[in-house]
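In the two assemblies presented below, subunit A is common to both, partnered first by subunit B and then by subunit C.
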Partner chain A sequence: MATTVTSSTKKKTVRMNGCVASAQAAKYADVDVITAYPIRPYTATMMALAQMVANGELDAEYIVADSEHSQLSIAHGASSSGARVFTGSSGVGVQFAYELYSPISGSRMPVQMMIADRTLDPPGDFGSEHTDALSTRDMGWLMGWACDAQEAFDNHLMAYRIGEDPRVLLPQMVCQDGFFVSHITTDVELPDPGQVKEFLPPYKHPYPLDPRHPVSHGPQIMPEQGPPLQLERARAMEGSMAVIEQVHDEFAQIFGRKYDPWVEEFMTDGAEVVFFMQGGHAVTARFAIQHMRDEGVKVGLVRLRTIRPYPTDRVNQVLSKFKVVGVIETNMGLGSVSSGGSLYAEACAALYESPQHPLVISFMAGMGGEAIVLKEFYWMTKKMTEAQRRGKIEKRTHWVGFEE
Partner chain B sequence: MSTKGTHIPDWLTVPFAGITPAPSQEKGQDLFPTGNWRSIRPVYRDKLPPCNNACGTNEKIQGYLDLVKRGKYLDAYALIKEDMPFPSVTGRVCYHPCEQACNRGQYDEAISIRAVERFLGDLGQALARDVVKPGKPNGKKVAVVGSGPAGHSAAYQLARLGYKVTILEKSPKAGGLNRGGIPDWVLPQHVLDREIERLVELGVTIKTNVEVGKDVTWNDLKQNYDACVLAVGLTEPNSVRAEGENKDGVLYGLPFLRDIGMGTSKVRLGARVAVIGGGNTAIDCAREALRQGAVEVTMITVESNPQEMPCVPEDLHDMLEEGVELLHGRAMTAVLGNGRVEALQLYPARFSGAINASPITVNREAPAERFAVDNVIIAVGQHASLTWLPKECKNERGTIKVDRFGRLGDTNFFAAGDIVQLGSGQPLMVVNAVGDGKRVAFNLDKVLRGEPLEPRKVPVDVIMDLNRMNMTYFPHFPRVRQAMLPPVRRRKTQEEVIQPFTEEQAVEEASRCFSCGTCNACDNCYLVCPEPCIVRSARSNGLYKILVNYCKGCRVCIEECPTGCLEGVPELDFDTGVVRMDTAFAISPGLHGRQAQEMLNLGSRPAKEI
Partner chain C sequence: MPVIEVQRQALPILDSPNQGARFYNPDLPSSEPYVPGHRTCAGCGPAIQYRMTSKASGDNTILVGPTGCMYVANSSYLCTPYNVPWAHTQIGSAGSFTAGVAAAYEAMIRKGKWKGTFPNIICEAGDGSASDIGLGSISGALYRNHDCLIICYDNEQYANTGIQASSRTPYGAMTTFSPPGPKVPEAKTLYPKDLARMMAAGHPHCYVATASVGYPIDLMNKVRKGLNHRGAAYLMVYTPCQKGFVYETPRSIDLGRLVVECGLYPIWEWNPEKRAYDYSFRPQSMRPVSDYLKLQGRFGHLHAEHIANLQKFANEQWRMMGVELPEALIRAADAKNQVNMGAAAEAEAVAQTL
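For the complex of A and B:
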């Protein structure tokens, strides 16, 4: 968990919501090109950045596109020319740009995209749900969720550093829950610009588009030339894991906040049942767990911080310690392995090779932007402890709030 | 780590993210030789624009319009001069079949080609030295009899081919029908004089007042020259065979115009003049009659309405604007009067056949009309006068007997212009005579050099059709109109009726040209190619190149070619270049190539080994 060190005089702590924290991160990263198209709830980020560009706080090209598809296309082009690019979207906006996700990662352009989650239509539900970004999880983008505004700010800086590393060169989706993170105001420590300069060197693509040195980006290739390129993209994704760990270490040294790059473990010492989840609902989960621990229930929390690349071995190693794992989905995986969400499959796959084989239950909670309230955490914990006692699960998926 | 232990073989090693030199760069295509996906290959092939095809002398009209558009007036003038010795003349008098054929006419309005031609012709007139140079002398002498459009054109082309040319002209001034058949207010004499000067500058000798059959004999022509072009035209006016045609005050169309043109006219017209005939000469006569002092001019035609008249519609329109009256469906059967024309006897009449050259049926049962006039001008065509020509060289119509190359048997005599065109169905127009003269000059040259003669071949499918072009690229834009003198003013003066284009007007009008079927370096293909498969060293027709090793045959360039000069040719029609995908497995350098090599070997190996 993040800890604050106040050593520099230029550091300051400001109260802001997640959207503004993302905008501040883009400013501190000194981005060159911003491409925007409005959709709630992420719009507030672009509003903040527009103000910064307008009042001279940030020197960047601010391009308003005519759709998310154009937005990502412009981001692709700008990155190809060697610019550091910041973009973002929410919900169906993320989906509308779908065509661009593979081309951007395939051409190895480290575009950064801020996601403030929103439920997919229809109907027009603007509450948070992770399905928007999660549906693009296999397109070659680095991806992970923050649980508060400070973590969102930090993730943006780290993602640029990781994605632009010459060993990686991949785009990044830096995600936060819509409203629960994006619109809730908390204290965020903004670093000394000198610290950021030390941490994040300027972006330099090895083969930028330049009329003086013509190169062909994204040419048509022969069928047999496809597999080697896919293999190299897979190598980059896997290779990024070492870079991610290194960058988290360096971040802690410079900024004083130490994050585990893969999973946050909360009160897992002596725990027998744990929640496995991503994003902002972890904040409520921590309260519930502390309360239940006081009552003697051996419950803990494992929060996934990075889902792409997926830390399979680490998840296996961590979750194997427990008897029951309760996956809180916050996403839709209609007709999926558990007939619930898609995170269940990720957890189970990691546990398949585990000799301990904990029981795994999927909880459909936090759907459509509904908050997960304390008593729902108690209810889910009860389902886990019952399964532990029985030695088997009642069923794979529970729709929380719709069952006795 | 799933990628641990993976290895990419050398022959499949690709650069980072497939980023390579652009295909337009050196070796840029080597890595991704996708040309073998293609089943259709884009090919630049210029077609014949319909204007060029329709022109009597096949001027490269699209070519010079394109040059005018780019401000290269001198180049445009030089191009027009390849086929047309006097653009300043045809720029004024031509009946412009090119404009009737112009594809733009089906879209909004045809290009005003004649006006641009006149702009270039006048530019040429103003040059101190002409751009055209005589050919290297070949020591051979050619006589050209007649200095009208056909003779002028033949002499001009022969001089450019290196012949020593002598024109024999029976009139006191050279020019033939250009001078004697076209009024000053259409073609000012000084314009024609300047073009004849140009001919002399090319080394052509013009002997005026020399009449074949009188001053020079047939045998003189045979003995003194290596070859001869007879371009004597039709000089004798046709009669309408009416009673009393010999009365005073009866005039004939061509001599009437010719005498005025040569400055030898002694005619004084009365107030009321009738013109018999509905063709172009009749129109010129009627309009000239106004300028010679007539007050009321009536044109009497057998044709029953203006649409049937064998004339240029614009000229008919201008004539009516000047106040000439039309009287249709009448034939003149007698000239009435006591020694001098006082009136005409008219009967209803019509042509017996479908065309107006057919015999006339006169309805004499109807009451005769008496039409009072002071003069009548008969303009119903003309015929040849060839008393000097050996009988075996004449045909049944009384004109010169030639083969399809304009040659008289196997002699070195050729004939061109009206004297041979008569009855061929071609209009008797200046530009057709010029084309005749040009073709005969080239045929004559071939004969003297001992080469075989071949007719001009134009396969019909290469004349560019409007619906093979991409009209998206051409906004509607109206034709630039030439200014004209107001009718009240022009009917009393010899001033030119139609005014020239300014430079801006010429460029604006030339810019409307579609360049049908011909590359005009618009750069569209270069810009729309989704891959850089099209390269060019400069923006010019002929310098665009398709990189066939890389072009996948998506055909975007073909679809988006505005002029239709890019066309798709099935790859199987080529025996060079890249190998198609379905036949390429043995040759592609990639994985498929290796598999194919093994598969080829399978056939010769026993089944057990496989």
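For the complex of A and C:
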């Protein structure tokens, strides 16, 4: 009993935005190497960490890199040497580092990268759009979106635990919407350091660059030596699913917050039409849904929490219960399956094996970082209920705000 | 939290009479961090450099290999010639990956997560990586002063991709991206980027030096000085490539001397404590550039005026080092006193086989 009392005294609730929550998570994870390069909006995370290092609250090498490409290379080198690494970026910064995503996952280094989304250029737009991180989704990184600062904090700790698990050894992109999460201040419960110690063991890579046990990382290969390596990486990604579930359970036991690792279902009981989406706009969606439920509209929300590995079976099982699924994209998939965003294809592919297909509509909403306001959720819901009544969709993709 | 002081190595400097040109030295360490069995070409300058460098560094070493010959030819088919830890990194990540390794060891030793003496962290970047695509990353590592040594093994071209011009390719050199032709008779029209000086000027707190495989002990001592220097060090080493330069395989070390003797590869050190260049290194003789050029097929197409241009360039290098020029070299900078390369036709035929 005494220990519980002691530990609970060190637990505290503090108001902070998503960026600071991410920085706090890195501090609780006792990272060894941090590497920063400025780009809005994620910069605030690195500003907070710089101050922690300057104050002596966190003992880490804080490296101001000369580019995002260098940031990710520094992270790769440090992780390869056995250090726990934290980095991050936004928008075109995520893309500048693109070359490194495959080498890092291919060498099985559990680098962690915080993303606060930003629309890609052109033109210079600070707003949140998920295209930056989503464009790297097939590079072998574990990836998922938080919808508020608390979830961002929790996701960082869980991602380290999952990625560093010897059964997984994969890098992680822990994403949050720029501004809607990164710069909105909410209450965040910071744990007792003892809880983190119990949950997250020190990073120990099985084959680091250590002069006492020489190893070679990343030698050249013949084409026929490629497939087994790719298969191993694919298996690691697939195998991570069991670890992800186990880690979410343990997290709930230690910290008392229970997340479904794959999807959050909100008011889906008795729902006939649902939104399928990722990230911070889900907070507005919950309000809109509550309001429409009061008016008798049978609408709900399925929020994807982890997109890599993609929970195909779970998405199938959940979404096939409904009549219409409205995918809110918040990303660009120019010339893609739906001529809208890339989430549509992910939803449809998961539903394909289901004998009962709901109708699926892609909504281009929140583009360029615009807020998705309540009346837009009502409008999208109307489109879904109309499709349900007619038994077919009007068209695959709607650009919300450009149509009657 | 307990902070542990980081212990660092101090490697002894070898006795080096004869400008370090002697091959045998009884004090040489017996350890071989870079062993035979790799797939580099016969007479490969970068490979010779690699062996000398890692020998000087010893077993408590971590090597970083950005893409280049010393990645592709060394680590073929999952076999590598390294007795010490080695990691490949991207060609543009030379300085940054190395910085990550150095930062990791600083933090891990300080926080008690790794026990031992700080390892020698060496990056072996080709001149394509060092002068072009990875320049920014190397500058970043030098600027931030990570405790590491970044070596540019300078074979004056992108060699493993099939001999293409880099910013280090000399004026007049033929590569597959700078072929000679009626409109461009001299082939490469640009002079090489003065990379090492750029590193010294921009990062004066770093130990910076140039070296050549023609002077093994001098090279090894510079490696050790760079490693002993607390902070970042940069070393640019002339490493001829018989495939790209088109010369007789056994002459790699000869070329390593001739290039210095003809003034095309000044050997110097930047002393970060004094903030001054040390130009005291002098080759045993001085020669006209043609003595060096005529051994290589890549210069076989040159006309008298081009050779004179290269002599002018070499003379400028000598003057920068404070050397008084003999009359013969001043005369050689006049095209009237030069002749076209006699082997032009022959060299072209060889070049076609590249």
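Simple rule for what comes next: the second predicted complex is superposed on the first by the 397 of 404 C-alpha atoms of A that agree within 3 Å, B and C clash if a C-alpha of one lies under 4 Å from a C-alpha of the other, contacts with A are read in each partner's own complex, and residues count from 1 in each chain.
One rule holds in what follows: contacts are C-beta pairs under 8 Å (C-beta built on N, C-alpha and C of every residue); 3 or more make two chains touch, one makes a residue touch a chain.
All values derive from a computational prediction rather than experimental measurement.
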| item | value |
| --- | --- |
| Subunit C versus subunit B on the shared subunit A, clash or fit after superposition | clash |
| First, second, both or neither for A:H217, with subunit B first and subunit C second | both |
| Greater residue coverage of subunit A in the superposed arrangement, subunit B or subunit C | C |
| Which of subunit B and subunit C A:E99 touches, first, second, both or neither | second |
| Subunit B versus subunit C as contact partner of A:E61, first or second or both or neither | second |
| Which superposed partner A:G82 touches (first subunit B, second subunit C, both, neither) | second |
| Subunit B versus subunit C as contact partner of A:P206, first or second or both or neither | first |
| Subunit B versus subunit C as contact partner of A:D32, first or second or both or neither | second |
| First (subunit B), second (subunit C), both or neither touched by A:A234 | first |
| Partner chain(s) touched by A:Q225 [first = subunit B, second = subunit C, both, neither] | both |
| Clash with subunit C, by subunit B stretch, listed 79-87, 133-141, 169-177 or 565-573 | 565-573 |
| Contacts on subunit A seen with subunit B and repeated with subunit C across the two complexes | 107, 214-222, 225 |
| Subunit A residues within the subunit C interface of the complex | 32-33, 35, 59-61, 63-67, 69-71, 73-83, 85, 99-100, 103, 107, 202, 209-222, 225 |
| Subunit A-touching residues of subunit B, taken from the complex the two chains share | 1-3, 6, 8, 12-14, 16-25, 28, 31-34, 531-532, 552, 588, 590-592 |
| Subunit A-facing residues of subunit C, complex | 1, 3, 59-62, 64, 71-72, 75-80, 82-90, 92-93, 95-101, 103-108, 110-111, 113-114, 116, 119, 136-137, 139-140, 143-144 |
| Residues of subunit A that touch subunit B when the two form their complex | 106-108, 169, 206-207, 214-225, 227-229, 231-232, 234-235, 238 |
